[in-house]
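In order of appearance the chains are A, B, C and D, and numbering begins at 1 in each one.
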C-alpha cells in the first residue's frame, strides 16, 4: 500500500497529451471544486467519488479533480481531459481510475454537461436486489423516467468492480442509455444533468429519495407506493432545473464560508 | 437554470400591490426568521420549505421570507402578503412559488396563526402508502386527531406537484379541514398552530414522530400500536402549547448564538 | 402559550419549603449539570428530559435542574427537593412538572442514587408494541434483567401522559419494581443507577441498544436473537459500573471543553 | 466505580516487564494515535474500542493506547506490549482489559500488522442472528471471504463478554482463522489488515457495509442479494489496499487539522 504522505510517482510529461480546449472561467472551475465539497457535505460521497463538468467551449473535453478525496478538492486540483479520458494538463497529478465513466458518458450523450459518480450507502441496495428505485417526491423527479442497473459482471466477469477503462465506460453508458442515472451493482451510481448544478442536485436527491423509499417500503409492507408517474416526473424535473436550484445557492454559500473561492 | 449569483429579474414596483396591515414588532419578525433557521437545524427543512406567521394586527395579512433557503433567512428577507398571496412589499424580492399554501390556509382557518411547509424525508412515506400516521408520543399529540393526505393528482391531474396557485391551495386547505396537519402525496406536509412557536414545535415533532412510527411498525411486524388515543392527544397537545415550549427556548437560544437578532 | 423570554410567575417564597439536606460539593453539582449536557450531546434528550442525583449526605433529598432544556443547564440551575418533590430552594425558579418520577423512585428504592428520564425516539417503540427490549450487547447489560412497561392509562385513564404528581410517580415506581429501567407507554423511559455516572451510562446505552435491536429484528426477520442472558447481564453490568466508566470520562471532558465548570 | 479524575492505582514498576522491541518512528506512533481518533470520528468506536499496530521491527511486540476513550488518545498514550499482552513501558498507565484480542491475533497470524476492535451498533446484529454479513460493495470487499462469529459462551459459559485473558483471545483467534474479520456475539467485532491504514479502512467500511446490508435486506424482503462473490472480493480488496487509501489521506488530514501531530 502506498504511504499517504509520499507523492505518487510523477508521470513523465507526456509529449502526446491532448491539447486543451481553451480557458474556462475561473468562477466555473471554483464551482466545480465546490461541487466536490458540497457532495461530501451532503453525505453523497465520502473519501471516494467524483464530479466532472464538460468543458464550456470545447464539448470534446471535460474537467475533473485529480485523484483526491472530494472534501479536500480546491480549484488548483482540477485537470482537463479529452473524451478518451487522457489528461491534457496532469503535470504529475494522478487521475481517478474511474474517469472513464465520465469520458464515455460525455461521448455517448451530447446533452449531458456534468456527471457525478458516488457510492452513497442508501442508494447501493437498489443495485443489489430486484426492486426498482422510484421517485418518492418532486425533488427526485428525474428518477421517474426509470433507473437502469449496470452489472459489470455480465460483460466483464469477475472484476474489482471499477469502471477503469474505456470499454467498461462504454458498457455503462450503454446501459444508462437515454436516462440521466444508472446504478452500478455492488458499487454505486451515476447521476447526470444539463448543468453542473443540476447533476449535483440530482445526486443529492437520489440519496434522499433512496432513504425515503427504504422507509416507504418497510411502512407499506408490500402495498403499492403512490410514486411520481413519468409525466409528473417530467413536469417536476423541469421545475427543479429552474426554481429548484435554491438548494445550490445554499450549498455554495456554505462552501464559501469555509474557503476563499 | 438561473445562475445563483445573478439576482432574479426585479419585479417592477406594482402600483396595485396590496396595502400593508401595519408594523409588526421587530422581535416577532426576528422570531419568524429564526423559525426558518430552527427548522433547518432540526432537519425538518433543507434547501427548501418555508414557515409563515399571520400578521399580528391584520388577520388578512401574513409574513414569510422571500424565496431563499431557510438556513439563510434573516429578518430583512421577510415579506408581507395578503391572503391572495400577493406581496405588499416585495421590492423586487422573489416570492416562494408555494406561498398559496399559506394564504389559503389562513383564509380557511381563522384560528391558525402560523404554517410550516416542509419535505422532511421521514414524513413523506406516510403520503405514499395507505398507512395513517398516528401519535407515537406526547410531544406529537396533535397528530392523534388524524392526518389527512392531499393528492394533488385527484383534482389537478399530472402536475409538477407544487401548490403553485390559489386553486391548489384551496384544495389542500379543504382536505386539511379542521386538522392542523396535512400530508401531501409525493411532496411533503403542512403543520399549523395557534402561534409561531406551536407550528414550529409541531413540525419538528411530526418529523420525530414519523421516525418513531417507522421503527415501531418494523418492530411490531403488524401487531397493534398503543398510540395516543384522541382524548390523550387533546390533553397532551394542550400541555405542549404551554409548558412544552421549553424546546422553543432552546432552539431560539441556539439561533441567537449565531446571529445578532 | 407563555412567551419564552418572559420569566415564569415567581413563586412566593414559601414559608413551608422543606429544609436543605446540607451542602453538596461544588464538583458534584457541576457533574450533575454536565450530565444534562452529556445526555443532550448523546441524543438521549432533546429540549426535554431530566437527570437527578440523590443528595450525597441526606438520602431524603435529591438535586435536579430547574425546568430548562438539558443542553442549557448550568450549576446555578440546580434545585434541591425533598422526596415529595417540594423544592427546598426554588427562589422563583420553575420546577419540572415530572419531578415526581424522581422523588417517588428515590422513596421506593434506597439503592438508587441517580435517575434519568428521557424520550429518546429509538426507545419509545418498545413501549408501544408487545416486543420486550433485550440486551443486545455488553454495554447495555443492565437490560438483561428485564424491562417493565408502565402504561399510565391503566390506572389513570386518559391523561396528558405526564407523571405530574406523586400518585403517578408511585405507580411508575411500582411497575419498575426492582429493575433499574422502565419504559413509559407513548412517552419515554427511566434509567437509574447506583451513581450519577452509571445512570447516565445506562440511559445512553439504552438508546444505543434500542437502535441495535431494531436492526437485529429486521435482519433476523423473526428468528431468535442471541441476546445476553440474565447471568451474562449481571456479570457485564458489574464491569460497566467500573471499567466501563471510561465513556463518562470522555463525555465529561467534552463538556469541560465548552464550559468552565 | 472509580472516579474519573482520580488516577488509577499506579502499577509498581514491574521488574519483570518485557523488554522493548526498539524505537518506532515518531510519525508512526502519531499515525496510530490518529487512527483512534479517525475511528471515533467515523462512528466505528465511541467511548470504547481500540486499535493496535504490530511493532515495525520486532514482530513479537505491538503498540496500543492506554485504557482511554479513542477520541482522546495522543501519541504519549501509546504503550508497547509483548504478545502475551504484558506492557513493556506502562509506567503506571492502565491497559485495556481486552488487549488479549490483539496479542493473540498477532501470535496466530504473522501476516496481520494491525487490529481494530469495536462495538459499532450497525455491525452487532450480524453476531446476534443467523444471517451472514456479505460484501455489499467494493469498499468492503474483504468481507466477501466470509465473516465468522465468535460466541464466547460456547467455550467459557456465562461471562461478562470481554476477551479479558489469553485463553479467550486464543479462542477468538481460532474462530477468526484465516479471515481478517470476526464478529463477537453480543459484543462487537475485530477487523485486521496488513497495515494500520488497511485495518482502519476495513473497520470503517465494515460499519458502512452493515448499514447497506440492513437496508438491502429490508428492501429485498428475502430475495437474493447480488453481493460480491469471493473472486470479486479478492480483486477489489487488492485495489482497496492501494488506490483505495485515499480515504486514509482524508481522515489523517482531518485529524491534523485538530492536533499538532
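A few remarks follow.
Note that contacts are C-beta pairs under 8 Å (C-beta built on N, C-alpha and C of every residue); 3 or more make two chains touch, one makes a residue touch a chain.
Note that the coordinates shown come from a computational prediction; the quantities given were computed from them, not determined experimentally.
At the interface between chain B and chain C, two copies of one sequence, fewer than half of the residue numbers in use appear on both sides, so the contact is built from largely different positions.
Ranking all chains by how far their C-alpha centres lie from the centre of chain D, first place goes to B. Its C-alpha atoms superposed on chain B, chain A is turned by 90 degrees; the angle is given in steps of 5. If you average the Cα atoms of chain B and of chain C, the two centres end up 33 Å apart. Rounded to whole angstrom units, the spacing between the C-alpha centres of chain B and chain D is 46.
Residue positions of chain A touching 2 or more other chains, listed in rising order: 218.
Under the contact rule stated at the top, the pairs of chains that touch are A-B, A-D, B-C, C-D.
Contact residues on chain C toward chain B in their complex (touch as defined above): 1-2, 4, 46-48, 67-69, 71-72, 97, 119, 121-122, 124-131, 151, 153, 158-162, 185-188, 213-214, 217-218, 222.
Chain C meets chain D in the complex at residues 135-139, 141, 194-195, 197-198, 208, 211-212, 215-216, 218-221, 223-229, 231-232, 235-236, 238-239, 241-253.
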